[in-house]
Amino acid sequence: MAIVELLQINLLSPMVLAFALGIAATLLRSDLKLPDELYTTLSIYLLLAIGLKGGIALAETSLAVFWAPALATLMLGIIIPVVAYTVARRIGKLSIADAAALAAHYGSVSAVTFAASQTFLDTVGARYEGFMPALVAILEVPAIVIALMIAQMAGGQQGGDWREAVRELLTSKSILLLVGGMVIGWLAGPRGGKEVAPLFVDLFKGALTFFLLELGMVAARRFRDLPTAGWFLLGFAIIMPVINGLLGVWFGSLAGLSLGGSTILGVLAASASYIAAPAAVRIALPQANPGFYLTAALGITFPFNLALGLPLYYTLATWIVR
Amino acid sequence: MELTTVKLVTIIAEAVLEERILHDLRQLGARGYTIGLARGEGTRGIHASDWEGKNLRIETLVAPEIADQILQHLATHYFPHFAVIAYTTDVQVVRGTKFQR
Amino acid sequence: MAIVELLQINLLSPMVLAFALGIAATLLRSDLKLPDELYTTLSIYLLLAIGLKGGIALAETSLAVFWAPALATLMLGIIIPVVAYTVARRIGKLSIADAAALAAHYGSVSAVTFAASQTFLDTVGARYEGFMPALVAILEVPAIVIALMIAQMAGGQQGGDWREAVRELLTSKSILLLVGGMVIGWLAGPRGGKEVAPLFVDLFKGALTFFLLELGMVAARRFRDLPTAGWFLLGFAIIMPVINGLLGVWFGSLAGLSLGGSTILGVLAASASYIAAPAAVRIALPQANPGFYLTAALGITFPFNLALGLPLYYTLATWIVR
Amino acid sequence: MAIVELLQINLLSPMVLAFALGIAATLLRSDLKLPDELYTTLSIYLLLAIGLKGGIALAETSLAVFWAPALATLMLGIIIPVVAYTVARRIGKLSIADAAALAAHYGSVSAVTFAASQTFLDTVGARYEGFMPALVAILEVPAIVIALMIAQMAGGQQGGDWREAVRELLTSKSILLLVGGMVIGWLAGPRGGKEVAPLFVDLFKGALTFFLLELGMVAARRFRDLPTAGWFLLGFAIIMPVINGLLGVWFGSLAGLSLGGSTILGVLAASASYIAAPAAVRIALPQANPGFYLTAALGITFPFNLALGLPLYYTLATWIVR
Amino acid sequence: MELTTVKLVTIIAEAVLEERILHDLRQLGARGYTIGLARGEGTRGIHASDWEGKNLRIETLVAPEIADQILQHLATHYFPHFAVIAYTTDVQVVRGTKFQR
Amino acid sequence: MELTTVKLVTIIAEAVLEERILHDLRQLGARGYTIGLARGEGTRGIHASDWEGKNLRIETLVAPEIADQILQHLATHYFPHFAVIAYTTDVQVVRGTKFQR
């Protein structure tokens, strides 16, 4: 399929349109407000559902197939934050804390972008490995730890206790639900999975669409901070994902992933965390400005990846993966 | 009925700080607390992830000297970097001892 | 089918029974309380789902078929508030503000009554045009604007800013979700719609049932205000819908709608808004008494339409539509 | 099937695993927190769904089949609280209020344990009578009333008004939803039921799994109180359910219930209420210590029944029911 | 503008008590109330079912003598067995008569 | 530690008024606010749609003269037709300047 056609498929999918509706609602100053509890509920649901499906698939995967993609993912989790930190510090002239905060976000991963990429690939008919959610779990944590360690070594950390932050990170809800869901799926297997499939599988795309409506509103609220963020941040939030996406696709193809699987690893690398990273960074690097890292991750990179990134990384994958 | 005057300390803080602040309150001698959800805007306007939820409104009834220490502690450790405000009021309670060390 | 049989089908449907359970819970002073957030979530879901389905249908409708029903609906939106205002003012001797408030509510439309009518028609096996949700959107706003304008001209408005109220009306959540859902459905088309159907189509009737449980409790709380409302309001809240329903069915048949479609247009005309209108009226006509308009719309007309109106308007349609 | 195999099936079911994840989250001091509103919503949903399914089944049940199990259940509701009170008072040396509180909880029933037992039986392929939810409703109230009367007669009640408590009990949300759902199901019948099945039937097991995640967290929070509860309570909370379970299975077989039905009656007898009883007891017996009755019912008996009780009572039933 | 001083009574109570306490407030002469949700910890830490939800934070503006009666009533009927605390503050309002009998 | 006394203005208002009241507060010189959800009953008992949700509990810390203006403004523009009450209290804060113009 040509990239124009892929773009069209993606932009006219209910989930991207719902995201746009959320943005429109905020820009039109509508009084639409989703309950906070709905937002939390949908997040929990999505993370658990992603984990569950991954666990069921993992139960049927041999280690021989899994080790190479796992290693490739781990390496991405180490390389990306280092690159991101260096770029933000050298080119962007950001403070140590702000640079490390960006590194944590772009090294980690957005579960919703991941879910959207699965839906996109389903629609274009590309297949991917079932164990991909396990890679989400692998990529979520290391980059954040590395970014906090960089800040610690560079002396940019005051007040925050990074060891405590890492402990909290490992038991944070996103990790717990993702890994917990995976363990449940792995132990319960396909038979147990079938019992809960009407909730966790059939409703997944609808719930994702609903969630993106809310996320559109959250992202649009971030737009206000764009002017103060400056040109560097805008460039960073668009170019960094493309570089990371390319890296992810390439690593995926080297690790023997399929076309769809490499696309997803590209998406994972390109995506910026907006759940685990912000919470950890807020605690461990309080002097970093959320107006920077949240605006970049949620206000620019997330919409970019959702609307343009998915077809882009897929196209890259069709070139790279043989 | 005999009423005692104690201090009500109200703290508005971003939700990520919950555990930390409650821990500090306990350390400083507060013997109870009440938390409600709130949202708001101030002059700094820095906020962590929306996923972490909105602000908390933490209230604790304490003896006057503890109230002072709490304000002092918050001013030193939280005001510089976090979206936190705090204030105290005089209130009357029936059993003053319940709220004192 | 005879009207007795239709009545029985309707009264024994899960949604009407759930509404009755909600009323019973309140009258028995049970401690059952649905979380406010659930109420909001279900409202958002229902409006979005109605819009989505309408949009998908609209994508397959030609303008040649659509213009006449659209025009008929628009005319209802102009005629009904004028009639309602005149009746409330002349016969009911209500104040300008109270009369205009009633006009706004009865000219506008209740999305839940609409949804209930679809479920009813599905059950009795009558077919209707897929684009009906578009008519809901068309009928929702004009009557409210007209009623506010009448109040303005009659000098009954103080303090409220009606222009501001109209702006807020156009970006209010009910309009935004209905129209936004329609645009999403229209752009995503049947293929995109299929992806989210398990959430937005399959669960619709169940969610409606759940919502009606809550609405039964809300309506029953309004019953307390009945004594102070007086006989005029009671009569108004039952006779006005019947007249409007007849008008709607007739306009529908003139515009070439099917039996089911004419029934629905009758239901739309007969129904009284309890989402968009109350919010707009509260802001623009603060001196109007909510004990009047909410009690009439939610405490009398809504239960009347749900229990007796649906089979009644359908029977009227079987006589009028050839 | 051997009990080991049954245990394995049960322990590896998604719902038991989700419960374990909830416990793990609390013990690891994760920041995972389900919104209170979600907990309430799921409770309401589960009770209504249980009632609905029971009502539909009841519509197709003749009184000739139903009276014996109903009577057996009622007798359990009288015998169990008397036994539990005597044991707690004589052997446990508990205060009148604390003993009566335990009697109320263990005589009444846990709807979630009931739901879990249905899922378990579905998985092992055992069939059961459709009217079982009606027995839940029958067993829920009497034991609580009897326990409060015992406390009243024994002079252990001060301050609380037990007549008021009984009135509130009869209109409490759990009774209202269960009985209300049953009436709806009974009146709407299979045709009406089919309309709402995607929500109330298909999603049931998934919702139960989600709910057990939360309940695991609630139960684990109770673990803190275990040390203060003492050995008697620990023993009571494990031995009492086994005795009651045996009693329930036996009564069920005498009343002519099937293997599955007898198992469920055993589960009902063995389960301890954590919705209706705590609320009623808190009001009518304020001097009873919730650290006792909630820790026993929710912190010990519920996990025990969920993990080990279900296969145990089923095995007992295979011996007793011919 | 003329301001009147009235008493704000704040009650933190377990949720099961809602109906009871509101009934008592009305009896004692309160002419309105505002309720918010809260959670908290104190020294007793006894709590009813989680299903019943968290604590309530009940506020009522009343004349000083009624405030006293409310505290007295709560101290007698609720403090012994229930997780309830209460305190009063002086506040200024525009129309004092609205909050008086 | 030096404490300053400022005024805490608390407003209980029906939810439809949120945008309007926050706008007015800003105009009158408030530099921040905190909002919580509440429900309640009073003497008027008029209420807009349930869809619009319950009451809001708006709090703002301001200088005394601004507090007066806010009460005045609410009394004129909101008390006649809307379900709104408001009251002020003296509270102590660490950095008084944060809440003054």
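Letters A, B, C, D, E and F mark the chains in the order given here, with residues in each chain numbered from 1 onward.
Everything that follows uses one rule, which is that contacts are C-beta pairs under 8 Å (C-beta built on N, C-alpha and C of every residue); 3 or more make two chains touch, one makes a residue touch a chain.
Keep in mind that this is a model prediction, so the values were computed, not measured.
Chains that count as touching both chain C and chain E, per the definition above, are D, F. Residue numbering at the chain A/chain D interface overlaps only partly, since under half of the positions present are found in both copies. Between the interfaces C-F and B-F, more contacting C-beta pairs are found at B-F. With every chain reduced to the mean of its CA atoms, the largest distance from chain E is reached by A.
Centroid distances from chain D, each centroid being the mean of CA atoms, peak for F.
Chain centres here are Cα averages; for chain A and chain C they lie 41 Å apart. Chain centres here are Cα averages; for chain E and chain F they lie 20 Å apart.
Here the spacing of chain D and chain F, counted between their Cα centres, is 47 Å. For chain F, residues touching at least two other chains, in rising order: 36-37, 89. Multi-chain contact residues of chain D (touching two or more other chains) are listed as 31, 35-37, 40, 198, 203, 279. Pairs of chains meeting the touch criterion are A-B, A-C, A-D, B-E, B-F, C-D, C-F, D-E, E-F.
Touching chain B in their complex are the following residues of chain E: 10, 12, 36-43, 55, 57, 68, 71-72, 74-75, 79, 85-89.
Here chain A touches chain C in the complex through residues 12-14, 17-18, 21, 24-25, 28-38, 119, 123, 202-203, 205-207, 209-210, 213, going by the rule given at the top. Listing the residues of chain C that touch chain A in their complex gives 35-37, 40-41, 44-45, 48, 52, 168, 171-173, 176-177, 180, 183-184, 187-189, 191-193, 195-200, 203, 279. By the touch rule above, chain D contacts chain E in their complex via residues 36, 39-40, 43, 159, 218, 274-275, 278-279, 282-283, 286-287, 289-291, 294.
By the touch criterion stated above, chain F contacts chain B in their complex at residues 1, 3, 6, 8, 31-37, 61, 89-95, 98.
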